[in-house]
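In the two complexes that follow, chain A is the common piece, with chain B as its partner first and chain C second.
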Partner chain A sequence: MTDAWRKYAAFFMISFKQSWLNKGNLSGGLLFLIILLFTYNRLWEVIGLEQDQIGLNATFVWYLLFAEMIILSAPRSERILADDVKSGTMAYYINKPVSFFLMRYAEALGAMTVSYLSMGTLGSLAALLLTEKPPFLWWQYPFIFIACGISSAINTLLYTAIGLSALWLENIRTLSMAVQRLAFIFGGAIFPLTIYPEWFVDIAQWTPFYAVYYLTIRLVYDFSWQNLGEACLLNFLWTSGIVAFIAYAYRKLNRRVNVYGG
Partner chain B sequence: MEKKMTDIIEVNQLVKKFKLRKKSTGIKGLFRPEYRNITAVNKISFNIRKGERVAFIGPNGAGKSTTIKMLSSILYPTSGIARVKGLIPWENRAALSYHIGTVFGQRSQLWYHLPVQDSFALLARIYNINDIAFKRRLAGLVKLFEIRDLLPHPTRSLSLGQRMRCEIVASLLHKPQILFLDEPTIGLDVTAKEIIRNLIKKQALEEDTTLLLTSHDTDDMEKVCERVIIINKGRLIFDDSIAALKKSYLSKKYIEVTTDSGEKIRHVVNTGQKPVKQALDELIRQYHITDITVENPPMEEIIKEIYNRD
Partner chain C sequence: MGAKFVSFCRLFLLIQKNHAKTAFLSKSDAFVNVLMMVVNNFSFIFMWWVIFENKGSINGWSFGEMALLFAVMNNAFAFFALFARGSQTLPEYIGNGSLDNFLTTPRNTLFMISVSESTVANWGDFITGFAMFFLSGYVSWNSFLLMLLSSFCAAIVTYAFRLMVSCLAFWAEDTQRLGDNIFMAFLTFAGQPASIFTGWYKILFLTVIPSGFISLYPVEIIKNFSWSALGWLLLGSFGFLFLSIKVFKFGLRRYTSGNRFGIR
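Now for the complex of A and B:
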């Protein structure tokens, strides 16, 4: 590992350890996830019985589990970064041989990884208890788990990038909330996009949420090498776009940074 | 300006203006906001030699911190040029970062919730210091700054004085040749200030570190530095040795005594005519004293005096 990556690995590890020790936060998220799985399982069991579709609940519970793992495991890194920009904290890191953005992203990834792994482990156990049998074959599970983990990392990157928009926006919370709502709708984070009308799916396809969320979570009920490849390719393209925005905003920020009390 | 070979910091006609939005009440202001320029630093020039300990002082809002932020590559200037170790700071941030250390009294570079030792380890990673070199360097600094007991404690649990000692250690881990200290004693009590000043000076002398220290406390410059640059309203108004400043402008001392009846009495002593010790002896004979403080004249008074003489 080069020196450059070693420093970001150190930030990742320290945040990983801190998040692991913060049992309160961790158990709160897990409890919410399990309640959500239980509630939706009951809902889809009833719908499945009415429609005479046995196993419908399994598809939706496992779909929901991976969707929530992507969404809930991302820490609120946009707020931290926006505060850093507004308060001038970021300025004090400019004269250190480190990218402030990558440092914050590495920290966010550390926290995300702890959440993702614990939600993945306990959530999978809960889903298994609720549904007897998952909608995929067991050998496919590691691929889905890793693909959704990567999506979660991209999702974290997206939110960290939103923090940079504090350069232009007085309050980034509105933007952050708007993105979150759009992600739920266009990313199919609650229901798969197949249940929406075709025109809606056509629009969704042009948003990053379609790739980051839906294409990856779709592997839960429709796993194939082709779908996995498509998810990887589109995620890579959107990530490149997000990285390009970050590089542009970060360059601007470095010149425009102001420090109060100077 | 004559350029010396040993100059480690060169500042020439440096200007920094901030654009501030005017407060407007009308609808016009929503669509066409008006701005005004504030000149924080106005064409200042000076050079600093390697190993020099320079106090950069002035009242609040004089432009001290803005200058130090430009020299430490945080801010871009509006015009003018500066070179630190031969590098233009704002154009060579990464390269310069290995040669400079910064301490900002009102900001922390330590991670608030982490034990101090973990913050140091992260900073060592940032500066690519290998483990053996880091341990050796840290051991030396821990001994010098007497912070062994503080290492396992999170930054949030430290007192301001303890935190400041750790901040200085953090800024010295990568063995910088130049240390910028922006108000390192701000908010500290008298004892903690004295400890910090002594440690800063000791370290600078031991490692031949160039110091540029900003403060509005004249005691900081007296105890730590050998040269003083005074700025006011962004302009450089004095640049000479501490001895010259003392001789010309620091000849007065303020002595405040508290008597056993709780009365506070303030005396001004001209040290050119009467030594402080003699003045104190006279006061002790005259009153039943419970507390004594001896202070330099405030910054504002020195500046007023400089302007008056000019």
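Now for the complex of A and C:
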């Protein structure tokens, strides 16, 4: 590992340890996930009973688990970054021998990893208790887990990028909420896109949420090597787009800090 | 007593005026935020519309009932977020010692904390709430007044629950995110068709996580008004409010100053 990457690995580890020690945050996220699974399990149980489809809840609960693992494990990095931009704190970091953005992203990844692993472990146990049998074969589980982990890292990158939009917006909290909600519908993060009308799926396919969320989470009930490959390819393409936006916004940001002095 | 109430109302209006002035310093930003909130709400509603289009009804609830639920829930949250969001920031105040500033004012401490924060974006919730009421198919003068009353009661429950969760900070450290997550779980519970919660689920729905006072009773009252349902709603909302104030006062006794110097 080169020296440059060792620095970011250190940021990652510090954040990982801090998040692990912050039991309040961790238990809050886990509690929310369990209640969410419990609530939607009840919803699909009732729908399943009404439509004589016993076991319908299993597909939807496991689908929801992986979707929420991607979404909930992302720390609020956009708020941290926006605060840095607004308060001028970034001027303090910008002259250090590390990239400010990569530093914040490495920290966000550290926090995300702790949440993702703990939610994955406890959430899987909870889903197993609620539904007894998952909709996939157990040998597929590690592949789904890793693919969703990568999606979670891309999702974290997306939110860190939203933090940079504090350059143009006074308050980014509502923007991040709106993006999260769009992710819920275009990414099928609560209900799979199969239940939406065709015209809507056609629109969703052109958004990053379709690749980052839906294509990956779909592996839960429709696992195949072809689907896995498609998810990886499209995720790679959208990640390139997000990175291009970050590079543009970061350059602008640096210029502004130079002008105003942070 | 009357004069004191009028004085509180005046102070409340003055604080709200200042919040509005601050929020509209950048008009375009404020409007973008309100618009984003509306987009955010309608995208969530769209998901449920799709579900009801596919499934018809869920245990007796159709999209009309769901629209009433969204009307009450959005209005209740708007009331809370615009006029009493300070209760959500309480853990931060306790953590950094700025609660001292509130304790030293001659006004009621809880009142001052509650009105200390307001989020302009939540005007978008009012827009959504009223739009959903008119789309629900239950539109009449009676139901409109009942919707306003139910929304107010639901706002009280929302506030009371948030305050109780925030009070955790009196006993433990770093509870801001924990509180936020419990509050989100409460809202998630409230945002489901109440008809799916039967038996033990219903008891849980009305006690430990009192979301039923936001979804179950308000929708029932607007649909088929009954004095008993209204009585339960009033009893539940004011009961939880009373309980939350007790918890706050109990917690406040444990609070030791952060020795922060400042005037508010």
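Everything that follows uses one rule, which is that the second predicted complex is superposed on the first by the 257 of 262 C-alpha atoms of A that agree within 3 Å, B and C clash if a C-alpha of one lies under 4 Å from a C-alpha of the other, contacts with A are read in each partner's own complex, and residues count from 1 in each chain.
By our rule, contacts are C-beta pairs under 8 Å (C-beta built on N, C-alpha and C of every residue); 3 or more make two chains touch, one makes a residue touch a chain.
Treat the numbers as computed from the prediction; the structure is a model and nothing was measured.
Participant: Report clash or fit for the pair chain B and chain C bound to chain A in the combined superposed model.
Facilitator: fit
Participant: Should A:I185 be classified as contacting the first partner (chain B), the second (chain C), both, or neither?
Facilitator: second
Participant: Does chain B (first) or chain C (second) touch A:D3, or do both, or does neither?
Facilitator: In the superposition, A:D3 touches chain B alone.
Participant: According to the stated criteria, A:R42 is in contact with first (chain B), second (chain C), both, or neither; which is it?
Facilitator: Once the two structures are laid over each other on A, A:R42 reaches chain C alone.
Participant: By the touch definition at the top of the document, which applies to A:N25: first (chain B), second (chain C), both, or neither?
Facilitator: second
Participant: Tell me which of chain B and chain C touches more residues of chain A.
Facilitator: Ranking chain B and chain C by residues of chain A touched puts C first.
Participant: Just chain B (first), just chain C (second), both, or neither: which does A:V98 touch?
Facilitator: A:V98 sits against chain B, while chain C stays out of touch.
Participant: One more residue to check, A:Q226. First (chain B), second (chain C), both or neither?
Facilitator: A:Q226: touches no partner chain.
Participant: When the two complexes are placed on top of each other via chain A, what is the minimal CA separation of chain B and chain C in Å?
Facilitator: 9
Participant: Is there a shared patch on chain A that both chain B and chain C touch, and which residues make it up?
Facilitator: Comparing the two interfaces on chain A, one with chain B and one with chain C, no residues are shared.
Participant: Across the complex, what residues on chain A touch chain B?
Facilitator: 3, 6-7, 10-11, 14, 18, 89, 91-92, 94-98, 255, 257-259, 261-262
Participant: Can you list the chain C residues touching chain A in their complex?
Facilitator: Against chain A, chain C makes touches at 26, 29, 32-33, 36-37, 39-40, 43-44, 46-47, 50-51, 54-55, 58-59, 119, 121, 172-182, 184-185, 188-189, 192-193, 195-197, 201, 209.
Participant: For a test of understanding, state which residues of chain B touch chain A in their complex under the given definition.
Facilitator: For chain B paired with chain A, touching residues are 18, 40, 65-66, 69, 72-76, 89, 93-94, 96-98, 100, 102, 104, 106-107, 109, 111, 113-114, 118, 121-122, 125-128.
Participant: In the complex, go through chain A and note every residue touching chain C.
Facilitator: 22, 24-25, 27-29, 31-32, 35-36, 39, 42-43, 46-47, 50-51, 169-171, 173-175, 177-178, 181-182, 184-185, 190-191, 195-197, 200
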